[in-house]
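Chain IDs A, B, C and D follow the sequence of writing; residue 1 opens each chain.
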């Protein structure tokens, strides 16, 4: 009797939780979808369509692709009665999912003046309406909730990409992002120091039940040797000394591919730095600003990060060392700026390059079906970055998070934190 | 006494003429400037900024560049008090005039989301105001009137380029030009025939005092051998037979560079043709239409025109033969369509490829100063086209007009008219 | 009776002539074939196979291709019993005759270490033996004699190409052509002057019965305006003044494509010039020599020739003007050097760029069948050069000869002769 | 007394050992130098100079570069009186050591017809003479002995590269390596099976005092999860099933970069496979042979190895797993063939791709000075291969050896061994 009651209680409680979960997901969905539009609010219509480099996507493409993700992976397979908003979007806004058929080429996203921003906003509304229905109806469906959760996290990733792409696009004509959240604060000066870690066997990867991507699993053991991590990010001032030492003219600091990249692309300084006369400036989402020597150096490639470490007789941390370091810090300072301004924060400022090539963890199992293409097929010629940046959506930080980019890339909000052997 | 009177009469008469000339130029200026905006009227804002291929320019670039031409070549050198609308436009909207300093790269015109269309329209208004003043004040200045006339003709050239570029841009997403002047008429069928010309010494080039470019002068003698020109443009139906004979797979018809182009670019048919199932369609400014077999084949390269001539055991006319032919025709049918629909018209339908490489006439003198770069420096690896097309502004037709493009180009409204030796 | 005798005499005489013709062709064939091998005599085996740039062919390829020409166009179609020396050579040594099927790619000629030079020499001997037989047997066959004559002229063209390619190849390691015929003489100084020609209708093209290529026919009339041609080639000293005036940094002298070429290829002086400290040197087939200021400037592109003319307020002659000029000169100085050393000679020193795009003469009829591909398909984006050079085989000079190259090319022995309007 | 004696004994003994060491090194040096020439013996002079692809080096370049290594790193810094054989070789035969100044570009090695093979052989003799002197004189110099040992190992690496490059070069014209050691044996059939390993902490890297490269150190601990390695290499027969399943047309098996590579390079099968009619052949150093289905599949890229593993629902082993596996095997079958013929051998057949990106071991210290560039600067975008191949010099095998290549490369003797999680 008592047992039965207890069971009923439990069932009742779980039901409540599941229902509550549905409500939470719906709220989360709506909030994230809204945030994406909000990021684009200050843009002119002309800003939505251009693609200044192959790796940049037009903002309107992000608006459409994140919507396509819900349409193609949630609505189409799980709602028999669903009819496409526009059949051709299925082809136009697929990014790289070969299992879903042919798709528009990435480097040609900027060729499309149509569909217009207005049409894409209508597309978002149309899909949102159907998504609200399906979320409301899927309270008890854990698989569906997981799928929707991936879609939401996916859209958050594109929110960060939107900031990266908008910065690159406006940077071409050195325009401000009108309405940029606030003016970057003058950074406070911090001295570089080291934090020490002992030899150990550590657990790496997502250790609990919160949402994570397939590449963060399984949680597994690594053998770690004694190391130290810098308590500060490399500052603009420190990096300027590297530039002034003619390091971009000296092959001795550089990886072989890095040196080829420096020569081929005629690289002389971080992406958004600009020398005018004898002064250095930096393009930011608040426009061109005098270079703040106390702020962290941003928008550097792996090649530059590695060369700087070599110049300092140090090295970059491994992704495992970085994860251990992140877990060791209590306070994380998150930013509400659009430009990094604190070298001291363990995270929330800039993604930090690690010297770990992006690969599978032992026992790695990719997402199944179409989502198998989400992460696994990119495990080649990329390096892991850890920590999150000022333009990472707050709900998107995780100690186990593995961001990854090819070593020459630098339009993301990337920085440098040094490590050394003991 | 009588003599004096006569002289006063003459002076009075010439004054009137000059004043009248000023009024005519002003009217002409305003009409042409207005027409440019009218061409763009049906566009969405998103259509103004994209550049799908290096040779295409964004419509907003044309709006700005034609304005830049008046600002840089008329206002700046001839009005001491003139202040730039925006100093950076001097750099951004210079097309290729090296004598005016550095300029934005042609293939990067599509990277610029800013200035916006709105700003560029304001730029046009600002320059127009100052131009109206200067035109009104320059009644007696023949050099100035000539300069303004070149600016007007220059803008008319860009009106045709606007149609070409808009067609290419909308073609990427197969959109209609909303408000396209009218629906293309079904073309009437005409049989091919020849018009004969005897051996002769002919005068080539601009023979009288109307406006012309430097490359149309001097008028000079050419020795012409007996030849015949086809009374019709090659039709889609005739060209389809060429396609169906697998001519795009057979090197025997092609110039060596042409065959390399066919293989490299995987060319299989004219630019805007499209095969769907067993039917052929053609993209037009009125959208995708079933291929009209009686209409003239359009948007072919020199390579294709030459290969077709070879396939028909004929040849292309020389530019001199074509000029003789044009002068021999009384009636010229001009179109008010946005798609060619009559193989019979001697001109006003499509620019016809000639087998004449674009070079200087004997005794050629280029425009002076900055305008030296207008035509002369392009006399290499291009072929002359004659006749004008449906999107050529009406005041821009001349028998002596020499259009020119590289042999692989075909986004202009180009067609084929055959010739043969007798 | 007398008539009959006369006829018999005539027949007898003609027979003798025809037999004699056979003997002449055989002698000519053997002499030219021998000369080709003699050109290569000073080479090391390693020199025969390399291809430092796409447009250069390995010397052993020339040895094989000229042989292939006789095998494929004479022996195979006209000797039923002929068996290939090596079946694969049919594919390997076809240059660009698409009508004979697939062929090895031009830019990959340097990839082939095999067949060896020894094998290719055996191939030459094998084909020579069969050619001797067929020449001896074809006394009365005019078509055959013409075909063989084309093969001989073809081989002479490749003799000049051999000198060009050997110079380029040895130039990479700045080696001498051991045994180069003789040391270049110090050039004598001549002052520049003009030779004048009046307005006229002139006959252009091959005017008589000597051998010529299809592109030199038909002989036809051209209307010529008064012009002058320089009595001297442009000297190194004169061209050095152009270089020293920073002309390679100044777009105002250059064609648009020429300026792009200068920037893209980082061009700063003629191909074989080299600056060491404050002195200028020139790589020649006799090794690196101090630049001889009185010798003609050699190895310039059309772009450079045209820019130089522009710098001198002159122009390049048309090919028709040049032909008229050549016919007007009695004495032609042919060289027996491997480096040009006389600006005064009307020909026999350097091919002179004309401002005539290479195209068909009015009434042009290409060679038939396979040989249709010899000249006609290259009539696009090339310019005509006239006169012949020091490395042109003596029997290969003709006033009507039309050499042609793309405007950026300069590894041939090209020079500049100015012209002007009167 | 006794102690003193003992010490004298020890000194005497060590002296003997050091003298002996000198003799051993000299013998080793001479043997390896001789072996390099022997590998090239069957070549024709023409085979020595060509470079069919950027990554292939001409055989004569290897002969010169290995000699340059001794000249530049041993003779020049350690023999004051040494005079260069030829000063320009210092520039021509430096591969990539930026610290030694400018060098000839890698992709232009095939442009050099000079120096000739004969000159390079004389260069080898000249350097050998001086090396013999210095080796004889350096008995007591451990640093020098180490340096010479690196030079010898370096030359052995180039011996393997010589086989790879000769195979590629002769493959272009499908020639045999005349005198190839022996005809490949018909391979014996073995069934695939697994060898199991338990969870463990293992030691990785060079564990004792034998010669090794800097990248094999330090010996360090790794945490290994349970895994199995296949007892056989993937056979041609097994791989043919993959090809026949249209796997090269199906993106689902491929890494993203791998799929781009397949499309861009039009890859359809392993490098040296060739389909003629319905049969498969393989180009080997013994010429074109019918594909031996029991022999191991060779000359595959990382992309192909990874795709094959994916097709078999397996994975590639990590380099650590592979090292553990190698140490577990007693018998290693080394080959004396020029073509792999045994899937069963744990090593001595083909280098096996691992899924480990090539990076530094924890605590890695690169060689010092110039040799710092030997390995460290290549730790980016490459994958580790383990085991050694039939063309690896016997003295060059080590369990800790880390070979590395970019993922698209396949002209080395590479194969596939599968692994799986337990």
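Note that in this section a contact is a pair of C-beta atoms (placed from the backbone, for glycine too) under 8 Å apart; a residue touches a chain by one contact, two chains touch by 3 or more.
Fair warning: this is a prediction, and the values are worked out from it, not measured in the lab.
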Problem - Path length in steps (a step moves to a chain that is touched) from chain B to chain D - result: 2
Exercise for the section: Just grab the chain with the largest centre-to-centre distance to chain A, centres being mean Cα coordinates. Expected result: C
Fill in the blank from the handout: Between chain C and chain D, the Cα-mean centres are separated in Å by 48
Fill in the blank from the handout: Per the C-alpha means, the centres of chain A and chain C lie apart by a whole-Å value of 61
Handout entry: chain B and chain C, separation of their C-alpha mean positions in angstrom
Key = 39
Problem - Residues of chain C engaged with two or more neighbouring chains - result: none
Exercise for the section: Quick one: which bits of chain D touch chain C in the complex? Just the residue numbers, please. Expected result: 44-50, 52, 60, 108, 110-117, 169-170, 172-173, 175
Exercise for the section: Enumerate the contact residues on chain D facing chain A in the complex. Expected result: 96, 98-99, 201, 220-223, 225, 251-252, 254-259, 302, 315, 318, 355-357, 359-360, 362-363, 377-381, 407, 421
